[in-house]
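One structure below.
Letters are used for the chains, namely A, B, C and D, taken in the order the chains are written, and counting of residues starts over at 1 for each.
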């Protein structure tokens, strides 16, 4: 009953097999190999667009490299105040960006509303030369609350951003989960609605360590390979990162794995709601956030369930957990078993 | 006949198996897992010393993180002018270190002589506040010339460095090859002769992507975990990096693999010398540098051999390649086959 | 009627004279001169404590250098959300600090309440290694709202900070104004209540370009001279910066100038209150913030008054300016004339 | 007999008077004042070209800001190995540039020969992504050896640089001395021969603290005002920096002061040569480098002369000082008196 993190599970068998398969024979190092070329081409097909692709081993690297490439050192990056880049990367974007500033915006369910973005851009003091200049809007898809932006929402936000000269970055560490839910193509969820640069995650979805930064306007990627190298993120035996991504993208594996994770979250949602513990936010990806009485939490832990407590300023009004309750986060993954979900729910119900 | 790079080969079977084995069950992310704990303990045993261990996916990351942790931003890092950190990492140490300065020192066979270090420290303008302050001596073991420092040489250099307040870093991307040659223990080659912080490489030796930074005085590592995280080098599914390292260190695999690579280099050395093409420097690790007539180089390439041309300012006097010759680098690895070496040598000889 | 900024006035005659006097003869450059030595001694006497003194030409430099010296790159600097370092220095602390993160705290009248600080430190996610580590508490004295911290308030904040291992920095760009108001010694307002490092401002008070960073524990200043130099803030003809500071500190000039500025602000306060326009916050230093009907603002500008509109999230409850009003900032300086204040007030009253 | 530094003298009377004159009345801060506008216009006239002008208080700031604006963080800055930016700024360019790398080139008399530049660019490993990319050629005019580049030499170097995509920066801390010697206009010595960005020095020439960064293609200066501000180099009472520069440029004061300094250096040159101590390099600006017997150096110091010993790797062949000699640097300034020069020479001659 491991619901602690989608990083706590292992590697999908198909991806492990691809790593082993890539071990046959030699290959030029540092990305000058055939697998890397195929992955680049696959991304272009998948997104129906020219893309410049940069594979890296971690999501923090993908985000920080992407943002640093889009913002000058005096740039401001607008994101939700609970975004991963703002709270969980130990200042990586600030480091990579030479001292950029992240501006956290409020928003229910960890989503930024276009009106909020508009107001911040209108009212704040920007540029000139005393103030930092808004440079990047970074959106998490899915969000830290397990919610997702609809394409029209992304479009509305991107329009506000582009009108003010900001680039739009999407932290897609869980893009697979979002796309598995939305009935739209990768293109429709990204560049067609204004995303300029995408961190495309595979690790949480089932890879060992593989993420990609995609530039939908490849000319904007000039210098990015140097930036990646000097950050230590050009993996020498690069074909093994590429092989993970190739397997992840092959035959819609990425979507199949995400669909399973989402389905497990739905099952939790349904069971918890039925038990009188409706999740705090709509369950739209692979995460469930729910306030449970303390005694239930203890019972779950005794039963072997693992999960993290959670706090958020993005709860709907009136949804603050009661004093005797604890808000917890339950993360499902490609490896979450139905039996574990059901045992979890059973433990919640019959104390 | 791939002699291009030890990064061009794949992963040793034992290490690939360890990755697969680590996939059983869940594990806490970010290094809070049992495999990582075991690796830390194994390093302490291997080096007969308390160590603080930080696993990262690339050698550039290991070096840059280590150096940045040892030098203030106004620090100077003294290294051989052809050291990997100085020439092949696209300024990673400078980036990680907030604008530190690398000072390249000359030295035959890519080795720094203690007298050279002493002279640079004595004659240069340092500190005060107009000049950068010498902070780190970084030694490559084995060197970029495929040569190795003897423990007494490291000790002599470290004594000069420590007397001036510098820390001693060793770039051990090929430490296995050096130790396989020297009849000394890991401790005798590192902290016992003054190395403070070690980049311990496994990738070139046979891992997929696994390097370690070792602090022999663990208190000096305070803050290092934050530094690694914000550089994007804390791998989320950390057990898979740890599993590589565990397999590399188990049953002396690392030394066995390195011994094979060295033996293949020796075989090249012997064959080339017999053919009248003695290598430029003593062959002490897994690399051979030799000047060959251009026609032989072309013949080799036609026969399917891959290697890189090389230039160096560290050649012994009188060893500059003749105009009709090309200096090339031949790198052997754990995967180099005797048959490939012999075919290479045969191709050299009978044109 | 220039109430736009205390940077908009010139240089106090005594300071101008000191610059001219310093021009007699030669002097070693870069701070190795007699005037600099005297200023260092004078600061030690004035603050009744050993101090390490670093003179720089701008307040932004003083703040950014001080903060960067106190915080590691993964450090968080807690300050009021409207502090000058957070809003008006174009990311200087982030740049100097290698990508540190500023955390803005709310607080009425631009003052941080100890309970707020305590709550942020208790509730936030800090360190470990995913989150930045709280490293510095920075207090503005006087604040951006023209209010001042009482020594007991600073002490209470410093105790919370020190208990969590944070250093306490004070941005004293207007410390003279604060001290001119408080009946306490410089020591009682700073190190005796827990301030570790002080940006001591002279420019706004009447100098041409002279600020000082004071370390009350001089050993903590190791490396600071290198940091200043590589930031381009070691002025070559240093005696001219020192001479300004010497004149500023001589015969309590700094306090006399500040008292005048404060008195002019008091006069504005009294007159505006009498006219029915009580300032938004208590007038405690040399700044007055007041909401005036738009027509009065226009009348003032036509009469030649200069001032800036102002917005703040730190207004007392119920003090949000009405729609037909504009909140403005009026800054008095050593050079503000009574006649200008009175003319301003007369213009307000008789429309 | 102060020949230690042109920073050791004071401020030219005309400039001191201008500072005092600028003190009349108020002025908008941060460069929004009339004096600054006039200086910008004056520079455009003087250089017969559109220029974007950024005034800063120190030469290190001017150089580091200029270079950081021209080079990406992975850029290499090629300069003479003894250039001020490489040896005397404590790593300022590296800090401002986010970890750029300075590559020191050899060259007699501290001048880079076009063939040397060409060879370094042709032979070095650059870009791609393992190596830093050559981004800026920085030339010192006058050089650290007191020599000057002729316009044709600058043009030849700039052509090599531009052909490879490098920008050309000139460190003109002593440009006045160079131009006072050359019979060419400011334009002919800078943009007409390929200089893209110029650090125009006034401090060594007679100002208190005033330098300018000039972009001859103003569009390239986008973002420079933010860069300056966040480095703490936007002086608040900016008109006082502008007033210094205005006075320096008025009525050719800058050239008159430089001519005097140069003439004093010539007088030293002539006298020393007559005494059998010909300077090491041609005396072309305001500095004289000469090897003197140790006993003469001691005699000079006893007589009250101040100067620094000097070492250089740029001496002409065969000019290494003998063991009983010391190479010293003698710097003349606008304030150097004929009587001091003559007394110095007399002390050299009659021991």
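The definition used in the following text is that a contact is a pair of C-beta atoms (placed from the backbone, for glycine too) under 8 Å apart; a residue touches a chain by one contact, two chains touch by 3 or more.
Everything numeric here is computed off the predicted structure, so don't read it as measured data.
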Open item on the list: Contact counts by the stated rule: is the higher one at B-C or A-C?
Closed with: A-C
TODO: Averaging each chain's C-alpha atoms to get its centre, pick out the one most distant from chain C.
DONE: B
- [ ] Would you kindly tell me how far, in whole Å, the mean C-alpha position of chain C lies from that of chain A?
- [x] 41
Open item on the list: Report the inter-centroid distance (CA atoms only) between chain A and chain B in whole Å.
Closed with: 35
Open item on the list: Suppose each chain is reduced to the average of its Cα coordinates; what separation in Å results between chain B and chain C?
Closed with: 51
TODO: Would you mind listing the residues of chain C that make contact with two or more other chains?
DONE: 30, 73-74, 89-91, 94-96, 98-99, 129-130, 132, 226, 229-230, 234
Open item on the list: Quick check on the complex: what are the chain A residues that touch chain C?
Closed with: 73-74, 87-91, 94-102, 123, 125, 129-132, 311
TODO: Over in the complex, which chain C residues touch chain B? Could you list them?
DONE: 30, 72-74, 98-99, 127-130, 132-133, 223, 225-230, 234
TODO: Within their complex, state which residues of chain A touch chain B.
DONE: 2, 4-5, 7-11, 16, 19-20, 22-30, 56-62, 64-65, 89-92, 94-96, 203-204, 208-209, 226, 229-237, 240-241, 335
